[in-house]
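What follows is a pair of complexes built around chain A, which joins chain B in one and chain C in the other.
Up next is the complex of A and B:
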């Protein structure tokens, strides 16, 4: 799959990965790149392989074939904690916080002194709602608050690249708007982001380009401008 | 809430320090035993309550600490103040070796593996007659004169157990304790948040094993003898029952469980020969009616 040339240096290179769950193949030669500070979206209906792509990059379901290159180093098959420490933060869609730990403890538990780019204070600047809830147990937060906390918790690991899996799923429209704002803030902070999302408005508002996935392959690569000019180019794939 | 617990604990320690004034040897012996098992049960709870690792072989480290200290004292004539730390180092080394293998597995497999290693330690102790005395036990352990009386040994135990409990409390409430809880709640998630989950669990395993070794060393000195039973799986089960009975979701729960179980054992022994049956009923009742143990029950009362 041809990728659009970009100006920024390429940080993540996914090279024809094939991922399996047991015997069934989920991803077929998926390739794309993410430049520094870019937001790249994976779009498509449920079950097309967006989450599996993310899990493959994060080291949870390593690909059987293909390579994942991060800042020039091959990270294919590394254990997930090493990938995290290398600077790739994964925010899965099930937004499971540690329910028995408070908001502050949820953040503190993943903080490491050698990687202290983010502090609780800086996190609370971006997510002021969490600051007020810092002593509340994670299990007692609303869905939107838990989603913010899972993102905040991943930020505490000081990632250079965020893998955001369906951040708007199940959120009220107002919470989705707020989420778009927060992700835009993170982009402005210089983070690269891979965003898997079904909410087209959110994708169009944030991304540099989107890869449309279908049955485990990337069918098309579009820019927001192309989609705005002719929405059927995107809906054609999503309606199939 | 935790601060109140600490104040209460400090008051209990202060009260216990006055116990020798009672002049009752029976009480001193009883509470020396309670203190040893308070430490043993609390060390196990670092694994069960905080790390979510249910060990069925924790007695192995109790026995290694006990035999290690006893053998160094009697067979090699090492002074106590050296023998005890050396025994703890030995326990830590064994905990590292056994733990490194056990934490590679999770849930039931972890439990089965700890059980297997526990029995292995028992078998070695049982068969290595020339070193351990085998089935006859390792007898005539002589303590130095300064802890030779019931009162002085009780105070010695009180000081060591208090220090050890403080250390365990700090561990449980440190970032390490919180990381253990995070791993317990979701190991995969903790992993991709950058936590080297096995290493953290191994550290907890070593700490828990070493403190069990301290309890074992005190136990051997207290009884002036130690037997292979101390490594047998029933010993692991007994301390597990203390943890469950007292409440594994609370730092001081296992201490309450140890106290309750030992006192109940003593009382019923005087009244009836059916202690094991009664113990079974207590355990069943605990699991059905207050699964979070005595501490959980007290907490619920306090909230009401």
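Up next is the complex of A and C:
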């Protein structure tokens, strides 16, 4: 699937990756690129391979074929902690906070001396609610707070690229709006973002372009302008 | 009253030395999810290594303490090699493979011990600084056993401190909760496993070295201690540090009370307590209920 040309240098290049869970193939030759500072969205219904694409890039479910190039280096098959240290921050779906660690401990546990870029203060600036909850256990937060904490925790690793997997999942409409604001702030900070998301409003508000996935392949690539001009171009993929 | 005090202290020192070994077993299970059958054998090897070191260095001038440290270091190094080269390959496999592997270690290390030190009973004398008895108010009590009590309490506080107050401890706790995500957040989880397995084995080795003057070294002592450790963690709850602490203290007291009142029932009482816990609280006194 051809990619749109962009002005910014390309940071992430996903080249025809095929990923399996056991014997069943989930991704079939998925390819796309992310330029520096861009937000690229993966859209599609549940089970089309969005999360698997994220997990493949993060090194949790490495692809069997294809390559993942990050800032010119082949990172395919590296252990996940090395991929993270190279600057790719994975924010999992389902808010996997460490439930028995406090908010502060959740952040502290991933801090590394060389990651001076993000400090707790700077994170609490963007997520002020978390500052008040810093001594509360992760497992005792509301869904929205846990979602903020998962993002904040990944930021502590000073990523250049964020893999955001379904950040709006299970959030009330108001919380989704706030989430859009926060992600927009991160974009403004210069972070590149891959956003796997079902909430069309969120995707349209944030992304440069979106890849529509279906049964493990990218079926179409659209810009928010194209979708706004003719929403059926997106909905016919999502309504099937 | 004097007799009761001595019985209480016997139970306490026994329980606290048991805790040293059970704590390592429980921590290794909590983090790696591996039930280490060889933990008692690590303990036994620690005793023999200390015997060897003492027979070369002598007991005086701190020789005993060097021997204890050597036991800890030898066991840490051995465990690191075992984890790195073998155990690591089994985490993704079914639990039965891990059990069989640690059981193979039991047989292997026991045979090595028989080959190196023979099958006769060996013993170490008490270090000169801790010989004799101490007036504890209501009775005189062996200094060395009082020292074992202090070590048990110090280790419990030390482990608690590391877990709650240091970054390393927080990382270990996070690894017990979600190792996949911890790895994706840049933490080298395999290295955490290596350190935890190694540290747990070092605790067992130190426990064996410290127990050596109080009891005799002989092949088969590993089976006795591992059974008691399993009982400790079943009563306390697998993976719970304070559970292991309370479990070990309970067993210590129960055995010394049993020895006093119903000597022929001493060990039966311990099993009865375990059965009661399994019936009424199968996840252990301080353990977490599965799926809760």
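By definition in this document, the second predicted complex is superposed on the first by the 240 of 240 C-alpha atoms of A that agree within 3 Å, B and C clash if a C-alpha of one lies under 4 Å from a C-alpha of the other, contacts with A are read in each partner's own complex, and residues count from 1 in each chain.
Methods note: a residue touches a chain if its C-beta (ideal position, glycine included) is under 8 Å from a C-beta of that chain, and two chains touch if they have at least 3 such contacts.
Just so we're clear, the structure is a prediction, and the values are computed from it rather than from any experiment.
Chain B and chain C, once both complexes are superposed via chain A, clash. Applying the stated contact rule after C-alpha superposition, one finds that A:237 touches neither chain B nor chain C.
Residue contacts after overlaying the shared chain place A:127 against neither chain B nor chain C. Once the two complexes are laid over each other on the shared chain, residue contacts for A:98 go to chain B and to chain C alike. Look at A:81: by the touch rule set out above, it reaches both chain B and chain C. Contacts of A:112 after superposition on the shared chain: both chain B and chain C are touched. Taken together, the two structures place residues 58-60, 79-81, 83-85, 89-90, 92, 96, 98-101, 105-106, 108-112, 153-154, 157 of chain A in contact with chain B in one case and with chain C in the other.
Interface residues of chain B, counted against chain A in their complex, comprise 175, 178-179, 181-182, 185-186, 188-197.
Against chain A, the residues of chain C that register as touching in their complex are 167, 170-171, 173-174, 177-178, 180-190. Those residues of chain A whose C-beta lies close enough to touch chain C in the complex are 58-60, 79-81, 83-85, 89-90, 92, 96, 98-101, 105-106, 108-112, 153-154, 156-157. Note for the complex: chain A touches chain B at residues 58-60, 79-81, 83-85, 89-90, 92, 96, 98-101, 105-106, 108-112, 115, 153-154, 157.
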